[in-house]
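In the two complexes that follow, subunit A is the common piece, with subunit B as its partner first and subunit C second.
For the complex of A and B:
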């Protein structure tokens, strides 16, 4: 009986939370299947649901959607590059700090983590200036580098924690068998770190996918910006075609959702990998 | 081996960097940032100007287009970082930054370009670009008046008729006008069981529509806030009394339940949204974007024929653009105009070419298609373009816009004292109205608070 009551209480809390969470997504979906005339009618479900908006978006038939596919490609390219580069840097750094005990490694990691004390938005102008100095403004490289810089400290920290959990005996055994540092990294470390690496790769990828501020600051050309910035154009006027914006937004939200659900088991195990020291 | 790899990686980076800088050196470039037009016609016209300029000068125009808010945010960031473009034109520069940049010496003096064009530009539009520079302690032309906007009334004619009234029933006097909509029209529609509000009345602190609308009311009551030298005169008894009346009147529309309760939190799109979904019969808006949306829809091939036909009916028959009623003293309304300004940045790498580009852009044959590309959302600043058939012809909405401009305009306070950009950004006006509507304080007390805050910011 007590169990039933406890579960009942949980459900009572869960239902409003679920509605609160899903309502914006539902609103996004409803607007995406509404016509121009009915989208603002305030109905819970449109009178005549339509896929016309998807047709307009996919065929780039609205002026603000002229570069839809290019911008979607940019989003993928920037997100994947950020994920891979962050993963490379963080894995190497965590290996050096945790396994090779590189002198000063912990201090460097702590310094890197300290950058999170400053909100990313405050770093936007210095980052803009730095990219301008290097002549990288209006290149996708600038955005990728900025996102890697933002993602790396956390990524290094998580991977270092996960790495600390691996038994040292494995390294010792491999060294006894004649493995050098690179072989230790490739043949022992990487296979064991796979779950944590997946979660960090996805973390960096989603960070870049959802980025807006740095993307619009560092990139200028309409053909270079990711879709998040491209969709911002819809807000150029107070009479935005909200149904098209919501349709494009819904499409833009699908890849991260797919990635998250595809790797959710890794996400949980990876995120908790470094949580407790054994 | 490691060092060989490091060297190779370094060499690759240097080669890439050299490639970038090499490409940049290949051709002289002028960097231009503009707000992206809402309609294709605007950007097509701009691209045509860019193309013509490139052919005429051999200089490459590196053009970037941004959404309205992104444009000004990015410009501010670039100016702070010391890497602005050569030319900037964002449609909120005038509200936010032009005056301040001129005062701080961040803009190039463009008097040499504008002086010869003076006779072609509407004097009141030109006057808004004569700005103070604190470094030189002199006023000069620091911006190009590209296009302008003002407040208009937009209403559903078919809803008015549904309430049992004709357009000729709408009073011309100030009090009678608002009473007609709030009491008669709303009353008649409510009597038919419809949950409709007469007026979409922006009151959100975060909305620029609110300060534009409110200052129109203040203007109607002749509440003068600053003089031509930028000195605050709102605390003078006559001005203060007029401002109290404006606050009282503006608040009254909400207090009598004539605008949706949510309007206290509205952002800029919300009065448009409420109008489009027919929650409100009338709204005041700083462009004719509401009607223009239907003009755009009626020519949109992506929509169905039925949707295009409905949009056409809305544009020509159902929606009306109108002037504000006469002032409470009975005199005709003089409209508050915001002139959208393009600037050449003092720290721009190629500001000489930037000035040349803007001089080229300001030619009537280049500027007119750009302004007209907005299908009426923006009004020209040149005398000839304003007289064009586009404005004086049969279009039911644009001819009203033309009439409003020819009736006369007045500038915003920030033209005389740039610190009013902060007053507007903080929306001191909306805060005063909300103090009356939500906190139930008297309009007199709200205006006292308003004056105190304005003096702190802009005194």
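For the complex of A and C:
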């Protein structure tokens, strides 16, 4: 009897939690299969669910969607470039700090941590000004560089911690065998760091894919912006076709969600363990 | 290299291996170089440039004369206080739910993480449409179920719009912190609870004397980190209400961008510099804490 009562209490918590969590996502989905009329009627479920919105988005048959494919491609390119460059930079830096005990490594780590902690929104304007003086405004390179700068500190920190956990004896044995630093990196460090590197690569990739503020500051031409900014363009009109916006938004949300759930086990433990050390 | 092979481990950093030591320093510097380059170009230079632009005394005068700035300062403090506390109280309670060892609870946890896993732009825009006072789903449903003709102005009433931004912020960040606290709770030894319940401690006493003391450090660290990130939350305000209605609901993270878009870059920089006394002590504290934890 007490068991049943406990179960009942848990269900009473679960229902509001689920409604709260899923409502906006459900709403996103429902609008993507709604016609304009049933959307304006605010229905919980469309009268006649339709896939027409997807057709319109894929064929770019609306003013706001004229660059849908280019923007989707931009999102992919910027995310993948950010992921790869961040991975390269952070893997090298973490090796130098953690295994080679490079001079100044500790203070560099602290500076990097400070960069990670200062909210990106407060670095945006200075970075925008700097990009202007470099003549890089409205190039995708600018956004990639900015995202690498924002993603690297945390990446280095997580990889350094993972690297610190590798036994010292491995290095000592390799050095005794006459391995130089580069061989140490290639033959000992890289193979053992692979799981953490996957997590960090994905972290940087998702950070860049999801970024809105920097993309909309640094890029202005509609052909250069990623899809995140393309979606924001709908906000310029009050009577924008919300159902098309939600359709494009759904398409935009699917890749990161799939990646996230595909790597969920690694992501949750990797990122939460790194985020807060008690 | 043959000499090193014969040297005992204790002398690895001795004379015989000075070649290796030099090799380590060389590669150490080389491998740090890419990050240092990015750091110098993308962080140090912009920040120095920003500080230099911020030396203009006139812009601070103009800033403090602007009623929107004063309002924004108040908003930021209120936003921070409500959002962080509410989020952590809920996260603390929900973490107690999600540690339950049941298969269906674990399935709900997978769904519960969705707001964190899904990019924020589409979901915040979804909120924005859903809360639209005229055609949004919420007010339309209020009309259909309860006959409320004029539903609440979720995004047009200043107070409600502000509250909506806070709710959207909590919606997005709650899963992450709940997960952190779940991890913390799972690390508490179960026999403590068993012993306590044998001694007749009720649920509240178990929380008060076992859970809370074990989680206190984690809770404080998390709250601080969340405060910093909440201060920097641009999307929840900008994409939901644009700081409106009537620029009444800006926070420091969005105000700088507003000034910039109005071609008032100096005021934007000045408003960011005004946020620094709030942010830097927390950042400094967290850097110390995190780098100590990493040892």
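By our rule, the second predicted complex is superposed on the first by the 251 of 278 C-alpha atoms of A that agree within 3 Å, B and C clash if a C-alpha of one lies under 4 Å from a C-alpha of the other, contacts with A are read in each partner's own complex, and residues count from 1 in each chain.
The criterion applied here is as follows: contacts are C-beta pairs under 8 Å (C-beta built on N, C-alpha and C of every residue); 3 or more make two chains touch, one makes a residue touch a chain.
These numbers were taken from a predicted model, which means no experiment stands behind them.
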{"item": "Fit or clash - subunit C, subunit B, common subunit A", "value": "clash"}
{"item": "First (subunit B), second (subunit C), both or neither touched by A:35", "value": "first"}
{"item": "Touching partner for A:237 - first (subunit B), second (subunit C), both, neither", "value": "first"}
{"item": "Subunit B versus subunit C as contact partner of A:222, first or second or both or neither", "value": "first"}
{"item": "Which of subunit B and subunit C A:56 touches, first, second, both or neither", "value": "first"}
{"item": "Which superposed partner A:69 touches (first subunit B, second subunit C, both, neither)", "value": "neither"}
{"item": "Partner chain(s) touched by A:125 [first = subunit B, second = subunit C, both, neither]", "value": "both"}
{"item": "Partner chain in contact with A:10 - subunit B first, subunit C second, else both or neither", "value": "second"}
{"item": "Contacts of A:160 with subunit B and subunit C, given as first, second, both or neither", "value": "second"}
{"item": "Winner by number of subunit A residues touched, once subunit B and subunit C are compared", "value": "C"}
{"item": "Subunit A positions touched by subunit B in one structure and by subunit C in the second", "value": "40-42, 124-125, 128-129, 134, 217, 232, 234-235, 242"}
{"item": "For the subunit A and subunit B complex, residues of the former touching the latter", "value": "35-37, 40-42, 52, 55-56, 59, 61-63, 124-125, 128-129, 132, 134-139, 216-217, 220-222, 229, 232-240, 242"}
{"item": "Subunit A-touching residues of subunit C, taken from the complex the two chains share", "value": "1-2, 4-5, 7, 9, 12, 17, 20, 23-32, 34-36, 38-39, 41-43, 45-47, 49-50, 53, 94, 97, 100, 102, 104-105, 108, 110-115, 117-123, 125-127, 129-130, 135-141, 171, 175-176, 179-180, 183-184, 217-218, 221-222, 225, 228-229, 231-235, 238-239, 242, 252-254, 256-257, 260, 265, 268-269, 272, 275, 279, 282-284, 286-287, 289-291, 293-294"}
{"item": "Subunit B to subunit A touching residues, read off their complex", "value": "17, 20-21, 24, 33, 35-40, 43, 64-70, 73-74, 77-78, 80-83, 209, 268-269, 271-273, 276-277, 279, 285, 289-290, 292-293, 297, 301-304, 307, 310, 377"}
{"item": "Parts of subunit A lying in touch with subunit C, wherever the complex brings them together", "value": "10, 13-14, 17-18, 20-25, 27-28, 30-31, 39-44, 88-90, 92-93, 95-97, 100-106, 108-115, 117-130, 133-134, 145-146, 148-149, 152, 156-157, 160-161, 164, 172, 175-178, 180-182, 185, 209-210, 212-213, 217, 228, 231-232, 234-235, 242, 245-246, 249-250, 252-253, 256-257, 260-261, 264, 268, 272-273, 275-278"}
